[in-house]
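Next come two complexes built around subunit A: one with subunit B, the other with subunit C.
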Partner chain A sequence: MRLVNVRPDRTVRLMLGLLPFVLLVMAYVIGSAARLAENPNDKLLPALSTLAQTINTLAFVPDARTGNYILWTDTLASLTRLAWGLGISTASALVIGLVTGILPVARAALAPVVTFVSMVPPLALLPILFIVLGLGEVSKIALIVIGVTPIMARDLALAAAALPREQIVKAETLSASSWLIACRVVLPQILPRLIDSLRLQLGPAFLFLIAAEAISADAGLGYRIFLVRRYLAMDVIFPYVAWITLLSVLIDIGLSTLRRRLFPWSEMAR
Partner chain B sequence: MSTRRSVLVATLAALSAFALSPAQAQTKTDFKVAWSIYVGWMPWGYAADHGIVQKWADKYGITIEVTQFNDYVESINQYTVGAYDAVTLTNMDGLSIPAEGGVDTTAVIVGDFSAGNDAVILKDSDNLADIAGRNVNLVEFSVSHYLLARALESVGLSERDLKVVNTADPDMVGAFQTPDVTAMVTWNPMVSEILALPGANNVFDSSDIPGEIIDLMVANTAVLADNPDFGKALAGIWYETAALLTADTAEGAAARAAMGAASGTDQAGYEAQLTATRLFDQPADAVAFVTSPALETTMDHVRTFLFEKGLLGAGGSSPDAVGIEFPGGTVMGDAGNVAFRFTDTYMKLAADGAL
Partner chain C sequence: MSGIEIRNLWKEYGDQIVLENISLTIAPRAFVALVGPSGCGKTTFLRMILGQESATRGEILLDGKPLPKEPGPDRGVVYQRYSVFPHMTVLGNVMAGPEMRTARILGRRFGAARRAIADEARAMLAEVGLAGSEDKYPAQLSGGMQQRLALAQALMMKPRVLLLDEPFGALDPGIRADIHALMRRLWNEIEMTVIMVTHDLREAFTLSTRIIAFERRRDRPEEQARYGATIAQDILIWPPRVAGRRTMYEIDLHSLRDDPTTMGQFAGTTRPTGDGHAQTYSALG
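Up next is the complex of A and B:
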C-alpha cells in the first residue's frame, strides 16, 4: 500500500498526536535531572515536583503580604483587561466593518484611514500611550483596542462586501430601506465571521496585554512573568505560560461553540 | 534492541540539548565577560574598545571576550546559566540571583558604591513621610526597592503604608510626567533627568545609606579557583581604566567623554553621575572597604530584605540558607552552602603592584 493511503484509526491518531508532547516532557525531565545533579539549586529547569509545589503555593496558598491568591488575582486582572479590550474592539469593529462594507460613501471615507491605522505597529505606540493615557488600566486596554480593531474591521468589511449583490437587490425589490438591509440581510450573515475574527485575534490580544503589563502593573499574568524573570524563577514562569496557553485554548473553544450554537446554519457554508 | 534504545536515548539527549551545561570548572584560556550600561561599569566597555582588555589578556596568555548587554537582568541570567564566566552586578542582585540559584560567585572587584545615584523622588513635597498612602513606581525587587525599604525604616513607615507599582526603568522619565504618578524610586541617569522636572524633590538617596548599594565585577568561584590569572587580568584591566577615568588630563577627559557618549549622555553628564558615585580607583581603598566590618552589616541588611521579600532561602525559615563569605574567611549564614564570597585577593595584588 502506498504511504499516502495509510489512514491511522482513532487510537493510533490519538497516540501520534500525544507523541510530541510526551517527547517534550521527557526531554524536559532528562534535562532537568542533568542540571539538578550538577547544581541542586539550579533554577533554569526545575524538577516536576518543584513545579507542582510552586503551582500549589501560587494557586491555593494566600500570599503572606497581601492575603491574595496570586494566580487568581493575576488571572482576574488580566482577563478583565482582555475582556474590556476585546469587547470594545469587537463592538467598534462590527460597526466600522458593517458600515464600510455596505455603504460606498462610508467606504470612501473610512477605508483608507482604517487600512492606514491597521499598518501602525501597536507596540511602537506603547510609549506614547503611556504618556498620553497614564500608566493605569486605560493605556493597557487602549493598546489591545488599537492593535486588534482595525484588522477585525477590515476582515468584516471584506465579509460584508463579499455577500452576493443579488441579495441586496432582492431586498430592495421588496422595498427594504438601507437600514433594514443592514440589520436584516448583512448583519446576520457577518456575525459568524465576527466570532471567527475574534478567535483569530486572541493571540495578538494576549501579546499586547502581556507587553503592556510588563512595563507597568501591580497584578496580571504578564506582570508576574516579567517580575519573577528578574530572579530566573522558571518554576513560576513555566506554569504561567502553560496557564495562559490553556486560557487561550479554552476561550477559543468557547467562542467556537458559541458560534455553532448561535449560527448553526453557518456550518453549512464551510 | 539495545541499539534501538541507545538511538532513543541519543534522540532524547539531543532534545534536551537546550539544557545548557553550567560553566565547567577546569583550566581554560578563553573567558567571557558580560556587562551592562551603568555609570560604574562604563570602564569595562571603554577598556574593551581601547585595547586595555587585550593588553592584560595577552599578558596572562588568555583571551577575554567582553559583551555589552542592553538588559541588565538578562546579563545576570546568562551568567547564572553558565554562558558567561563573569558579569557586572550589584551586591544585592549577586546574592539573590546567581548565589540563590546555587552558582557559587566571587566578587573579584568592588568597583564603586552608589552615593546618590539611586533616589526616592516625590512630587510636590520635600518630606519623605508624605510618601505614605501614595502609589510608588519602581522596578520591584531591584536596588530601588531596597532603597525604599531603607528609606521607610528611617521614618518609621513600612511597605504596608503605600502601594508599589512595578514599572520598567526605561519608562520612568515619561511616567513621572503623567499626573497619576506622584512617587518614584529609580537610578541614574533617570534620577538626574527627573529631578530637572518641575515639582520633583529628592527626599532620600543612596548617600543616606553610604556603602550599601555596591557595584561589583563577579566571577564564577570555580572558574576563578582554577584560573587565578583570569582574576588578575580583570583587576589589571579595572585599575588601569579607573586611573585613566579619574585622571585630570586630556586623555582622562577624552575617556570620560567616550564613556558619557556610550551611556547616552556627554562628558558633563557623565561627570555629574560620577560625583554621585564613590568610585574605587585606588585598590587600597577597595581593600579597606571590603575588609571593614561595615560590609557585614550591609550584607545582613540586604539578605534580611531579600528574605522578607521571599527572594532568598525560598522555603526556608531564615535568611541563613545561603552563606556569605568575607575576606579572612568569616561566614555569615550556612557555612555548608557558601555561594557568595567577597575577596580582597585580586585588589590586594593590584595594591601591591604585583599584577
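Up next is the complex of A and C:
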C-alpha cells in the first residue's frame, strides 16, 4: 500500500502526536544528566527534580519578603494586562473593521491610515510610550493595543468586504438600512473571524507584553524571566516559558470552543 | 399595478457599451424571461431594474414613477447563489425582512410582534414546502431547498416586482421541475410581476408569458466595444398564460407536484420507482 493512503486510526494518531514531546523530554533528561555528571553545579540544564522543587517553591510557598505566591502574582499581573490590551484591541478593531469593510466613505478615509499604522514596528514605539505614558500599566497595555489593533482591523475589514455583494443587495430589498445591514448582516458574519483573528494575535500580544515587562515592571511573567536571567536561573525560566505556552494554548482552545458554540453555522458553511 | 416601462436605456462601462437603446414596456403581472448568450447584458439589465447598477442614459419607470437609485423592498430578488443569510436559521431568514422593516434600530422584534411575524413566516415556509426545516441553517439544506428559502424570504416583503437571476440554473433537473411548479403557483397566486434571467430556453418557455432575447447585432472583434446588445426577439407566448387563470397548458395544471410532502417516494430521487417513470425508462430501453 502506498504511504499516501495509510491513515492512522485514533490511537495511533494520538501516539504519533505525543511522540515528539516524549522525545523532547528524553533529550532534555539525557542532556541534563550528562552535564550534571560532569559538573554537579551546572545551571544550564537543571535536573527534573530541581525543576519540580523550584515550581513548588514558586507556586505553593509564599515569598519570604512579600508573602505573595510568586507564580500566581506574576500570572495575574500578566493576564490582567493581556486582557485589557486584547479587550481594547478587539473592540476597536471590530468597529474600525466593520465600518471600513462596509462603508466606501469610511474606507476611503480610514484604510490608508490603518495600513500605515500597521506597518509601524510597535517595539520601536515602546520608548515613546514609556516617556509619554510613564512606566506603569498604561504603557504596557498601549503597546499591545498598538501592536495588535491595526492587523485585526485590516483582517476584519477584509472579511467584511469579502461578503458576497448579493447579500448586501438582498438585505436592501428586505428594507434594511445601512445600520441594519451592519448589525444584522455583516457584524454577525464577521464575529467568527474576529475570534479567529484574536487567536492568531495571541502570540504577538504575548510578545509585546513580555517585551514591555522585561523593561519595566514589578510583577509579571516576562518580568520574572528577565529578572532571574541575571542568576542563570534556568530552573525558573524553563517552567515560566512552559507556563506561558500552556496559557496561550488554553486560551486558544477556549476561543476556538467559544466560536463553535456561539456560531455553529460558521462550521457548516465551510 | 406594477407595470414597468423602460425608455431608451443605455449602459456603458467606460468605453464598453453593454446595452444599447433598450425600450420596453412590461405589463403588470407579466412573467418575463430574459435570455441571450453569455455576456450580452441580461444580468446587467436585471441589476438596473433592481437598482444595484445605474443606467448610463435613459430611465426605468415603475408604475409611472422613476425607480429609486438603490434597491428597496418594492423589488425582491433571488440570485443563483448567496441569496440567503448563512448565519440565520431558516425561520430567521424569512423573518428578517419584516423584522428589519418594523424595528429600525435593533432589527429584531420581541414578544407578541415577534410571534406574529414568526407565524407569518411559518405559513410562508409551508407554502414553499419547507415546513419542518425552520430551525436548520441554510448550509444544512440542499440547493433546491435553499432556493425555496430565498423565494420565501423575498416574498415576505410582498414585492411588486420579483427579479430572478438564473435562480434554478444550478439545480438538478428533477428538483428544477418541482421548483418550476412552485414558481408557477406563486406567480399565479401573488400579485407581482416576475422578471427572470435564464440560460435555459426550455425553462423560459415553461414559465413565462413573454420571452425577451438580448443579442449583440454587431459582434465582430473591432465592433464589440462600441456596439452593445439590443432586444433581438420579443416573443409573446401563445396561447397566452395569464396570472391567476387556468391555461390550456398541461404542464401548468399539476399544481401539487411542487410540494415534496405530497410526492411520497418521488421526493429527492429521479430513479424509476414503479409507475410512470418506469414506463418511460422501459420505453427508452
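Details
As a working rule, the second predicted complex is superposed on the first by the 270 of 270 C-alpha atoms of A that agree within 3 Å, B and C clash if a C-alpha of one lies under 4 Å from a C-alpha of the other, contacts with A are read in each partner's own complex, and residues count from 1 in each chain.
The rule is simple: a contact is a pair of C-beta atoms (placed from the backbone, for glycine too) under 8 Å apart; a residue touches a chain by one contact, two chains touch by 3 or more.
From a predicted model like this one, the values you see are computed outputs, not experimental measurements.
If you put the two complexes together on subunit A, you find that subunit B and subunit C both fit without a clash.
The three-chain arrangement built by superposing both structures on chain A places subunit B and subunit C 160° apart around the Cα centre of subunit A, to the nearest 10. Looking at the superposition, the partner that touches the larger set of subunit A residues, subunit B or subunit C, turns out to be B. In the superposed model, A:F263 makes contact with subunit C only, not with subunit B.
When the shared chain is aligned, no partner comes close enough to touch A:P112: not subunit B, not subunit C.
In the overlay built on the shared chain, the residue A:G87 is in contact with neither subunit B nor subunit C. Judged by the touch definition given at the top, the superposed model places A:G203 against neither subunit B nor subunit C.
Contact with subunit B, but none with subunit C, is seen for A:M26 once the two complexes are overlaid on the shared chain.
Judged by the touch definition given at the top, the superposed model places A:P8 against neither subunit B nor subunit C. By the document's definition of touching, of the two partners only subunit B reaches A:Y223; subunit C does not.
Legend: residue contacts after superposition of the two complexes on their common chain; A:G254 is shown touching neither subunit B nor subunit C.
Superposition on chain A places subunit B within reach of subunit C only down to 46 Å, the least C-alpha distance between them. Residues of subunit A that lie in the contact sets of both subunit B and subunit C are absent, per the superposition on chain A.
For subunit A in complex with subunit B, the residues that touch the partner chain are 23-24, 26-28, 30-32, 34-35, 38-45, 64-65, 127, 130-131, 134-136, 214-218, 223, 226-227, 229-232.
Subunit C meets subunit A in the complex at residues 50-52, 70-73, 75-77, 79, 81-87, 96-97, 100-101, 104-108, 137, 139-140, 153-154, 156-157, 159. Interface residues of subunit B, counted against subunit A in their complex, comprise 12-13, 15-16, 18-22, 73, 77, 80-81, 96-97, 100-103, 137, 140-142, 159, 163-168, 171, 174-175, 177-181, 310-311, 339. Partner subunit C is touched in their complex by these residues of subunit A: 164-167, 169-177, 179-180, 183-185, 188-189, 263-266, 268-269.
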